[in-house]
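Naming follows writing order (A, B, C and D), and every chain is counted from residue 1.
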Amino acid sequence: MQDLQLPPIDYGAVAPMLILFGVACLGVFFEAVLPRAARRSTQLVLALLGLVAAFVVVVLESDTRILTAGGAVAIDGPTLFLQGSIILLGLMALLLVGDRSLEQGGAFVAQAAITVGSDADRRQATRSQGATEIYPLAIFAIAGMLLFVAANDLLTMFVALEVFSLPLYLLCALARRRRLLSQEAALKYFLLGAYASAFFLFGVALVYGFAGSVQFGSIHDAVRESTQSTVLLYGGIALVAIGLLFKAAAAPFHVWTPDVYQGAPTPITGLMAACTKVAAFGALLRVLYVAFDGAAWDYTPVLGVIAVLTMLVGAVLAVTQTDIKRLLAYSSIANAGYVLVGVLALSKDGLSSSMFYLVAYGFTVIAAFAVVTLVRDADGEATHLSRWAGLGRRSPLFAGLFTFILLAFAGIPLTSGFIAKFAVFGAALESGEAWLVIFGVITSMLLAFPYLRVVVMMWLSEPGESTPAVSVPGGLTAAALMIGVVATLVLGVAPAPLLDLTTSAAEFVR
Amino acid sequence: MNATNPEWYLILAAVLFTIGAVGVLIRRNAIVLFMCIELMLNAANLALVTFSRINGNLDGQIMAFFVMVVAAAEVVVGLAIIMSIFRTRRSASVDEANLLKY
Amino acid sequence: MVGVSDFPFLSILTGAPLVGALVVAFLPRAKPELAKRVALIWSIAVAALAVVMWIAYDANGARFQFRESYTWIPAWDARFTFAVDGIALVMLLLIAVLVPLVILASWHDADNTRRSVPVYFALLLALESTMIGVFAAADVFLFYVFFEIMLVPMYFLIGSYGGHQRQYAAVKFFLYSLVGGLFMLAAVIGLWALGGKTFDWQNLLSADFTTNTERWLFLGFFVAFAIKAPFFPFHTWLPDAGGAAPAGSAALLVGVLDKVGTFGILRYCLPLFPEASRWFAPYALALGLIGIIYAALLAVGQNDLKRLVSYTSIAHFGFIGIGIFAFTTQAGTGAVLYMVNHGLATGLLFLVVGMFVARRGSALVSDFGGAGKLVPLLAGVLFFAGLASLALPGTAPFVSEFLVLLGTFTVNKTVAVIATAGIILAAAYVLWMVQRTTQGTLNPALTAVEGMRRDLTIREKVVVAPLILLILLLGFYPKPVTDVINPAVQATMQDVDKTDPAPAVQEASR
Amino acid sequence: MHETVEYAAADGFLSTVWLLVAIPLASAAILLLLGKRADKWGHWLGVGSIAVSFVLGLAYFFQLRGLDNKSVELTLFDYIQVGSLHVDFGLLFDPLSAVFVLLITGVGSLIHLYAVGYMDHDPGRRKFFAYFNLFAAAMLLLVLGNNFVMLYFGWEGVGLASYLLIAFWYERPAAATAGKKAFLMNRVGDAGFAIAIFLMFQQLGSVNYADVFNGVGSLSSGVVLVMGLLLLLGATGKSGQFPLQAWLPDAMEGPTPVSALIHAATMVTAGVYLIARSNPIFSANLTLQTVVVSVGALTLLIGAIIGCAKDDIKRVLAWSTVSQIGYMFLGVGLGGGAYALAIIHLLAHGFFKAGLFLGAGSVMHGMNDQTDIRRFGGLWRYMRVTWATFGLAWLAIIGIPPLSGYFTKEPIIAAAFERDGWTAWLFGMAALLGAAITAFYMTRLFVLTFHGPKRWTEDIEHPHESPAIMTAPLVLLAVGSVAAGWLMSTSVVDWLTPVLGDHSGEEAHGVISHGLITALSIVVTVLGAGLGYALYRGGTAMQEQPAGPIVTAARRNLYADAFNEAVFEKPGIFLTRALVFLDNRGIDGLVNGLAAAVGGGSSRLRRLQTGFVRSYAMSMLTGALLVVAAFLALQLGWLA
């Protein structure tokens, strides 16, 4: 036994995570000590400041390319890019989370422990201020995601997975209205998430058995040289991939998505749709590109089938949805399929285009959920599509913005959605995966139909008696919405800077 | 093939994992479901430790500790969620949580 | 002429209507007249600029003129490149001439809807911008962007301001076009990935593909264009869209927008995929032939004036298709000239039908009968437009139809002879329509309709007069247009490596 | 075989020959554009423009006579110039076009003048004259063009004018339908004509008369045959010849001056012009000539037979026109010297048939627009000028010497007997038989209208002579009917030599001698006329009587309309309906069905999303097993 030597840590490189974990802990502390009235503003400001600070550090560290913390964390181009994206998208989601102008007390329940349907519950629904634990929880989740995309061994990845999943499970349960749905969503998310984690962990064990290490670099070497039974390796790859695909909402591990997206408080849905997706694919990219790239020949067809299935399931099921949140959930499943197409290009272009897609989609989807929070009636959000009939007449501005967002989802040019699709399909085609592109195109056609249906609902149908009014958003939601829409437009019209950025960032360190 | 052959531990781990995985499918009670998942995690732990022995390094054993901590955290969150539902529904059956579908 | 040809005509032509659209859109809804006037003046200014450009164009000069190129997405080598050849030039002129007339003709179209009047005219201008862009683009990516984005204003024009079944028609239009667009997207990506990672038309011209790849790429483009044009059997959206769209928009839809399909074939399919073009030519000719006969027969059987005109257009597009795929100078020039003339003639026909419909409140042929007694001038213009549609000598379409058939005959007698039968059917549907609407015993119900007692107004005269004049002028003296088209067509024929056959007698004596 | 065709470029006065077309066209445009403002004086502008054209035509004619090569060509501007195709907007003024110009503007002027009176009470008179002028312009362009595209241009132009004028009273369904029918049947012929032009370009690289005619020699006989047949199809359409004859009688729905000018004197003879103009093509192939002769012979008999069975004054004349043009086709089909004979018959026919139609119009004018000859009788007393002029024209058409018909028809009959072998007998006898029948039905018409007992009722009809503006043209046309034949029989034939070839030296060698033919034709004519007089001098039944199959068939236009309806119209309508159904249910149905299938699949699939967390876990586990299995399968080569 040698003397234990503490591995050197580049604190600058891991500072964004440290800042956010610190902020989260501080938030918990404040939760304990501050008077109720002061909590919300303090927590919100603290969280926003933390995110901004983390982002600044990411920008400052943008040239860092190292393995640190004993090889457990990789700070490289993709990490920094994805961390930056997660922070920005998290910031937008947090703006939605923090908004209290739409609903008295915000979108979250005051005390989760209150029994649903009791008198106390009715009181909290109409009067009480929402819980403020959500801010530290959200920051924990975001920080976990940052670690997730930076993790350079499977154990760190597992821990990070749990660190960002557990707060999300809780956040899902905290809706102010329709709490039964919210709790059910949380239960499903939790049980299935834990189930998937178990698969992931068993996969980790198998890979460890094969490679003798869980560090990606060592796994990479082992895939080439090891004489161990490859059954371990491929079983391991499969199970690890399943764990990650679950978070990314790829079929057939997508089953939780519609229920959870629908039941969760809409700001949290936005957070999940944008940030979780970035994090999950970030980790998947690193695992596939860094650790298992030697086995690419074997896993590409399997994951290709999954990608096709994901696109098909998302597109086909979206066609008949009647709830806007559920529709967006299926759309997000299909979009996971498109990202997977980019991932499977297994090239530098594949990496950069996938990253571009994730960011572009993240901005758009948060904006979409921001609009969803605005369309409300006396019972809260009016998510049934029939209620959106004639919205264009009632509120042309928001209907127009939402139409633009839908066009972006449909991949119409001059939106980021088009550029993103173009990028991933281009990368896939270049790598000879023409069949994925063909399915991508076909499912895009199918997907256009549900989007168009919403547009028809909003613009071409006459407003009915029950068409809800659109609330004028408070500053926070408006800011999130505008950031999302502007980003969607800018990335569609002038994508060059971001494309350059993703291209220059598209290099893993091993 | 003596009893100390580590492969037996691996087989045991696989069997435990399978029991857990199938248990999730066939049991209704949320708590039991959750226990099944814990079982799967522990099966993974067993596998880690066994591989640690096979590979001759300690990484696997260290990982097992990490997993235990994580599992404990999961229990906290999980039980909280299950509890809040139980308070409303007066039932821990997961089949009754069936509002969100299609 | 350095000064003039350096003037950025094309970007200004593309941008100006868009600016106009924004201006008009934000005019107060309460002042519809102001919006109409601004839109009209704006479009006239655009037309004036287009005429200046036409004068500055050197018919015997370079194939592409007024080239402008600006950086856009360097990572993909996609640029804002504009340039026109003779084909695009005449189409731009057609647009510039038609739009002011359509605006004038649509003066009251939006008045009786419950929708915003300024938005209607803003949409028309936006449509103009995208249509100009699609013809002016010399970068495949840019072309695709305009090709897709063009759908959006047209979708709302049909969907929001259309007549009977407008929702169905609008959705159908959008989905059909989008499906075609996505096929093309796949092909565009393929072209880019396999053609040297550039979108510049000029550079792609020299790209080499394997036979199979080339055919697939051709097919991707062709399907999109065949849907847009539309060719049989992709045509069923047009009667619905044409039937539901307001008359002015229908005139633009059929007169210009659909020409993007045939233009695209000439500009992209033929030069970029010459081998595949030759290989597919027999099939394309067959589609054209079927279209001519089939659509003409269907036109005879229609009871809705706007649907009838739509079907006649499908038949005419059959002629254009044949002209393109005959690969002779005469047929090709005829096809392009047909695109222009058909825009004028069918544009006029749609506008006149629109005037009938506006008066009667119905587009059903059976709701008319003997209308010539009440509105002789209007009936006369309808008849004239019908004559132009059946390609009577002296009207512009004769020259183009003659050229197409003659040029086709020199290489494929069977096709030309069968297509010639189409001119008999054309007479049948035109005269049958004229007879049922304006001739015969006066339908007593008509006299009761207030609007039917008013013959052409001054405004309407101003709308139809320029079109009639142009149709006659180009019928007697098409040289100004053919001289511009001819070099471009000849260059295209060189691209596909085809030369006109020499007269059979000379051939034999050699 | 054929000397090279060359046309000299026009200069001096003749370079203004385009005015012939431009003046009526301008007049038409003015009349249409000014609208009601021109109602008061519009008709005089119409008459004036055609009269000026006539005067100009005369001047050009005399100018042309002074030239050596008797032809001038004039290029106005490039019409279509694409690749090797070069079509000028060019005119050719040569002996053939000159006589047509004079016929069109001369007879045209008279009919225009007549129409001023005839259309006096019609509110649409200005429009009528605009269309009339338009027709004149198009017809002049037709005969003046120097290439086939110009000919086609005018060809379609006269078709349009014909349509407009047939359907002039468009509020009458019958008129509107007749106009449409005329246009459509013409289009069938036009399509053939158009293809012939394509063939010329494909074979010879040009559509100019000179190039085409000079190149005919180098064409294979098959190509010549096809080209000729296609041109013939065009000619039959325009000239109402078999098989496209059915539209012409229906065209009588138009005002009578229209019937006189367009559907008797000029437009319907365009087919004859086309064949005469293309004589180098037609002369180059014997089979082709035989087909033309057959069409002519068949049609002249069809027209004559049906003419016997009709009771409508204008319809009888219309079928007579069909029949007479049959003679002309016979003539141009015979070729050689008969080309010129056909042309002079055409010119003479222009006079007497126009006279007959205008006379008929005058009768109708006086009889409250009655057209049924069974309701006339004894009119000679009431309208003597009409009676006299009509009578002269009647004698002219049946070929009584020395009136014009005798000089023009009889030589064609004689020429038919000059063919080789049995065809001489066949066509000769057909022509002779036609002459006999013509005499019969024309006599029937004349006798029933002007003689015999009066069969009209005074309270409805008040027969009276027409005003001078109508009778003056009648008189002039009658003079033409009487004198034209004798005047033209040699002079015009010589005049046309540069175009149609010099055949004066050719020995006539008929199967029977020329003298005998002359005698025979006079005999059968007199016999036919006598029979007609004998049968109808006492009048006729007022109602249609039951008759044998031949008469019934003749009344039904030999079932040509029924044939068209059964073979083209009915199946066409059925096909159209079937296609509409197919398009809506088939093609569109397929698309919508696809959409519905996706929707159906979607609603079925979403049932799988049951909401039970355990079934979700089940699908995850299944998915996991499949993924693991797939990986291992790939690894172990199970799938390879």
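To be clear about the criterion, contacts are C-beta pairs under 8 Å (C-beta built on N, C-alpha and C of every residue); 3 or more make two chains touch, one makes a residue touch a chain.
Quantities reported herein were computed from a predicted structural model and do not represent experimental measurements.
K.L.:
Quick check: more C-beta contact pairs at C-D or at A-D?
P.N.:
Answer by contact count: C-D.
K.L.:
Could you name the chain whose CA centroid falls nearest to the centroid of all protein CA atoms?
P.N.:
Nearest to the common C-alpha centre lies chain C.
K.L.:
Averaged over CA atoms, how far is the centre of subunit C from the centre of subunit D? Could you give it in whole Å?
P.N.:
Subunit C and subunit D have C-alpha centres separated by 36 Å.
K.L.:
Find the geometric centre of each of subunit A and subunit D from their Cα atoms only, then give the gap between the two centres in Å, rounded to an integer.
P.N.:
Roughly 78 Å separates the two chain centres.
K.L.:
Taking the mean of the C-alpha atoms as each chain's centre, how many Å separate subunit A from subunit C?
P.N.:
Here the centre of subunit C sits 44 Å away from the centre of subunit A.
K.L.:
Between subunit A and subunit B, tell me the centre distance in angstrom, where each centre is the average of that chain's C-alpha atoms.
P.N.:
Distance between chain centres: 26 Å.
K.L.:
Give me the residues of subunit D that touch two or more other chains.
P.N.:
Those would be 606, 609, 611, 613, 617.
K.L.:
Multi-chain contacts only, two chains or more: what residues does subunit A have there?
P.N.:
187-188, 191, 195, 199, 258-259, 449
K.L.:
Would you mind listing the residues of subunit B that make contact with two or more other chains?
P.N.:
Residues 21, 24, 33, 94, 97-101 of subunit B touch two or more partner chains.
K.L.:
Would you please name all pairs of chains that touch?
P.N.:
A-B, A-C, A-D, B-D, C-D
K.L.:
Could you list, by residue number, the parts of subunit B that touch subunit D in their complex?
P.N.:
Where subunit B meets subunit D, its residues are 21-22, 24-26, 28, 33, 94-95, 97-102.
K.L.:
Where on subunit A does subunit B make contact in their complex?
P.N.:
Touch list, subunit A to subunit B: 112-113, 115-117, 155, 158-159, 162, 166, 169-170, 173, 179-181, 183-188, 190-191, 194-195, 197-199, 201-202, 204-206, 208-209, 212-214, 258-259, 262-263.
K.L.:
Per the contact definition, I'd like the list of subunit C residues that touch subunit A in the complex.
P.N.:
71-76, 114, 144-146, 148-149, 151-152, 156, 159-160, 166-167, 170-171, 174-175, 178-179, 182-183, 185-186, 189-190, 192-194
K.L.:
Mind listing the subunit A positions that touch subunit D in their complex?
P.N.:
187-188, 191-192, 195-196, 199, 230-231, 234-235, 237-239, 241-242, 246, 251-253, 255-256, 258-259, 298-299, 301-302, 305-306, 313, 316-321, 446, 449
K.L.:
Please name which positions on subunit D make contact with subunit A in the complex.
P.N.:
Residues 595, 598-599, 601-603, 605-606, 609, 611, 613, 616-617, 619-620, 622-624, 627-628, 630-632, 634-635 of subunit D touch subunit A in their complex.
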